[in-house]
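Paired with chain B in one complex and with chain C in the other, chain A is shared by the two complexes that follow.
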Partner chain A sequence: MAAPTARIAKRSGEHGLGWLAVSPALLLLIGLLFGPVAAVLLFSLTDWQLGSFTFHFIGPANFRTLFTDPTFWKALSNTLIYAAIVVPGTVLLGLVVALLIESSPGLRGFYRAAHFLPVMSTMSAMAIVWGTMLHPTIGLVNRALGVMGISGVNWLRDERTALLALALIGIWQGFGFAMVLFVSGLKAVPQQLYDAAAVDGADGVLDRLRVVTLPMLGPVTMFVVILTAKRSFEVFDSVRVLTQGGPNYASEVLLHRLYTESFDFLRMGYGAALTVVYLAIVVLLTLTQARLLERRVHYS
Partner chain B sequence: MAEIELRHIEKSYGETAVVKGVSLNIRDGEFLTLVGPSGCGKSTLLRIIAGLEAQDGGEVLVGGRCVNDKRPKERDVAMVFQSYALYPHLSVFDNLALPLRTRRLSFAQRLPFVGRALPGCGGIEKTIRAEIEQAASMLDIGHLLHRKPGQLSGGQRQRVALGRAMVRDPAVFLMDEPLSNLDAKLRVQMRAEIIALHRRLGVTFVYVTHDQAEAMTMSDRVAVMMGGELLQVGRPERLYRDPEDLRVAEMIGSPKINVVSCADWTALGASLPRGVDGNTTHLAFRPEAVGIAAPGDGRLSGVVASVENLGSDIFLNVALGDGRGTVVVRTHPDVSRSEPGRAVGLQIDPACLLQFDGAGMRLRQAEKIEAAA
Partner chain C sequence: MVSLSLKPPEEIFQADFRLWPTAFHGVENYRVALTAAPMFRFLLNGLLVCAAIFALQLLVCIPCAYALAKLRFHGRDTMFSAVLVGLLLPPQALAIPHFVLLNVFGLLDTYAALILPWVISTFGIFLLRQFFRSIPDEVIHAARLDGLGEFEIIWRIMIPMTAPALAAFGIFSVVAHWNDLFWPLIAVRREEISTPALGILLFRDDEAGQFFGPLMAGAVIIVAPLLVAFLIAQRRFIDGLAVTTMK
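So, the complex of A and B:
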């Protein structure tokens, strides 16, 4: 009884067993990731409207419309501006707060938790709170500015400040994460390096930062920058809740545009084309991250 | 003049006293080693001399001046760390240049990109370069100047760390177990190089190690620390032949000194040598002070438990009866009777017997113990 089954088992057993073990994860991956991506790529070449039962292949027409649509370019440039404000802001603020927390002898746990809370919070709920705070007359922000003698603007309804307001909210939400990563990076800096720097004469705050802290934080900084850049490209909740892309597309961003086209205007084909472009950008960012981090993995 | 004086240094971390009232005078130009087991406070003491830790009590004087409130960079000391502590993002050249640049360039000149363009920088950089090349050639790392520490071997990193200390031309070299991270062969080689360096520079060296062999071979004087206290300071030979404390006797010398308590001595049926002080509780003797004789001859007897053949010497581990411990005997390879399981007698040179009382302190009253017949 053992012999024939053993022979069959030896031939295909190990292969079969391997596939069996991987199949649940594989099915999920196909169903939830590869499948939908393939579907999106497919739909970007059609004119399907959400709700209709038929669609026609129209080739690259969606992409042509996309690249000649000024709203798309506005959304793209807004997203880039948003990232350009949020990434340096988050990284700098996270670094400064991490340095301050690590240099203080007490209450470290409390400060870390307090600054991390925005990261844990639900953005859409927080966006509503921010919306109230940014109200031009009764909002907390303008009233605080008024106390200091500065007249506040209509943050979310003014074309010039809408994107900036959203970017600041984005920084507020994200810097806690950067801070936590920097705190762990700071803990990994060996104390003997600071001692060596002190004996060598570099014992002032700026000297220590220049000679020891910032260079040793190099890999962490790069990781934080790429991560923050990816997250800033994914901004949606605050835009949807607070400005809906307005006024006059001043705060329109890629993901929000995608959503509006697909689910408000029901132009799924066009939305799919937008998704493809968006996907390409995100994949590019991820590949850049992988490349850069590969080269700078370890110091001695 | 770079003599160092430590007066009643105290240091505690919370409840634990790590350094307990240590006073020590280190002469100018001498090579002094602080030796002791892990946790005895020697590294802490070194860091206090460097100024990296502030002592809770006592004074540190360098060259006759009190440096208690002086920061490390003002104390004219250079330190070599156990992990070398080289700046990993800088090349070897920049590592060596950093202490010089920090001293000689102004704050503006030290700014990352802008600073180099400022006037006066060029001249300073030239002198720095010349000094670094001189130090690098002395340490044989001239061909490594463009590399980063991550691309160097352990021995090369050690030399760069030494070079970084040397370029500052300090009054005192402090070394915190610099050879611990090296393999045995490299350690022996670097030992010789450090000794040669000391001879060439003539600067005061304070060296911390847990390895008594390093302490014995490298130092002018050795200071033994244990449990935060300084037990004895003296020349290596003195510590070997004339220890003040049982702990010092056990620390110095390899293999460890043989210690047999008087209780065990009499329990084994042997008679105590004449002239042994009444307060003696422990008798200690070095492995080379013991001779192998036929069983029954000699003061003690036992059975050979194991043999360690080092080529030039043979060390026998002789088990005394009743589980009263083992005695290590150094013998010549030609001596027979060195097989495991053999019963032997131990003849101990009475002039080499060291007596210690119950507290571990050396008793010197009966200097001459008469040999039994």
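So, the complex of A and C:
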């Protein structure tokens, strides 16, 4: 190429250009992401309330209050229960629908689109529609149950069913996405494996499923599990619209608690402590997901 | 939902359920939804906010992603690590400081409050960097030999060659912000600047929203634009959202 001096000049030119190009992103990264995270950590150690001009450092007192607050534990355990229903529900439904779609090529496109619609839909609007369907007297759900001779309950106002109803809505919204991932996973299973299984005598539908399909879907399944778990921790819209965490905290979840403490009660210090806990959980799940993704890339 | 949105109130409360209303009340329900709440305003706000967010995200992401993919400079790896760390942070965890920051600048309850926190997208930078890297260096060298500046290289080569990735990112961004309820609920109070997800909630709490027919009509109006867009460009939407699994 050129003489060494020219090359150095070009290098330093590229150096300046590089920094010029990343500088807006860098400033915003600091101002809107890293700065705020530092601020949250700082706030969590103070007794600051929005609107007041003074605050004191109170050390880990917010965390102590948080960990002795039964509402927090209720929100955490509810979030875990929610995830424990939504994750297997989404995986199972997504997998079954994906298998059905793959085995009936005719209307594949139509079914895929139909099941994917909830993923796209604005949750707050769809939650309102669900609210109507779950209405105790005129809702579609209880009417359908009534036809079958079962008397339904007031799903969203009953302590026993509120969280379950929200979880079912969560499954309804998310399984289409799981289905898409499973379909692409199914496409990646090599035909030779099925042929080999057939030679070994595994040619029934269930045998093929058990011996070939399910083991080959292992990595995708793990991935869907983590992804759905992460989304379960982000559940907010349906809770806010339908139950506001009630009745009697029966459907209170972490993110809704965080919202209420911080922006309804304006207890920023306490809200920040809650945020730190929330942040730790989500970061952990995201790291697990990144780990899996890396592994999947290495496989293919 | 569509069925209920076409029915008169007395039929909604009837014991037997029919998919198609015996007395068509659709026009009336949609009229109530459109006049009782500024539905078109919500849609327009959604369009404005999503478009502004995406445009600004591109403006910040593209040069940064290009530099991270194709330019050599000291600190590049550090910058990329910072982007990866940024990917870990859930946006909901930043709500308190963003709220305080906007409050300090007196920007709460404005369009700026809805847009500014989202201007930086580490996901966008990450995604575009991956795609920019897949373009061979030779293409860029050739362009430089032809006398193209870096800006022209981005504009005339990188952007056209990675159009599908940009479309995927656009779909991801617009769907996320059109549907978002958490942040608008915090950032704005006024109905005039509410985005669709917040607007439908305000409508429900309104007097007219107490009637199921108009409420369902409102929900249809809010959900329809994205769904219609989805039905037109299914493949792109599914790919665009599946790409988010990399996040």
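Please note the rule applied: the second predicted complex is superposed on the first by the 271 of 300 C-alpha atoms of A that agree within 3 Å, B and C clash if a C-alpha of one lies under 4 Å from a C-alpha of the other, contacts with A are read in each partner's own complex, and residues count from 1 in each chain.
By our rule, a residue touches a chain if its C-beta (ideal position, glycine included) is under 8 Å from a C-beta of that chain, and two chains touch if they have at least 3 such contacts.
Computed from a predicted model, the values in this text were never measured in an experiment.
Applying the stated contact rule after C-alpha superposition, one finds that A:G201 touches chain B and leaves chain C untouched. Touch criterion met: A:G218 reaches chain B, while chain C stays clear of it.
Residue contacts after overlaying the shared chain place A:V37 against chain C, while chain B stays out of touching range. Of the two partner chains, neither chain B nor chain C is touched by A:A84.
Counting the residues of chain A touched by each of chain B and chain C gives the higher count for C. In the superposed model, A:L193 lies in contact with chain B only, and not with chain C. When the two structures are aligned on the shared chain, A:V22 is found in touch with chain C, with no touch to chain B. Against chain A, in their complex, chain B makes its touches with residues 47, 50-52, 71-73, 77-79, 81-83, 85-90, 98-99, 102-103, 110, 112, 148-152, 164, 168. Listed in rising order, the residues of chain A touching chain B in the complex are 190, 192-193, 195-203, 207, 210-212, 215-216, 218, 298-300.
Across the complex, chain A is touched by residues 1, 4, 12-13, 15, 17, 59-61, 63-64, 66-68, 71-76, 79, 82-83, 85-90, 92-101, 103, 116-117, 119-120, 122, 125, 150, 175, 178-179, 181-182, 185-186, 196-198, 200-201, 204, 212, 215-216, 218-219, 222-223, 226-227, 230-231, 234, 237-238, 241-242, 245-246 of chain C. By the touch rule above, chain A contacts chain C in their complex via residues 11, 14-22, 24-26, 28-29, 32-37, 39-40, 43, 50, 109, 112-113, 116-117, 119-126, 128-129, 132, 138, 140, 143, 177, 180-181, 184, 223, 227, 234, 236-237, 240-241, 255, 258-259, 262-263, 268, 271-272, 275, 278-279, 282-283, 286-287, 293.
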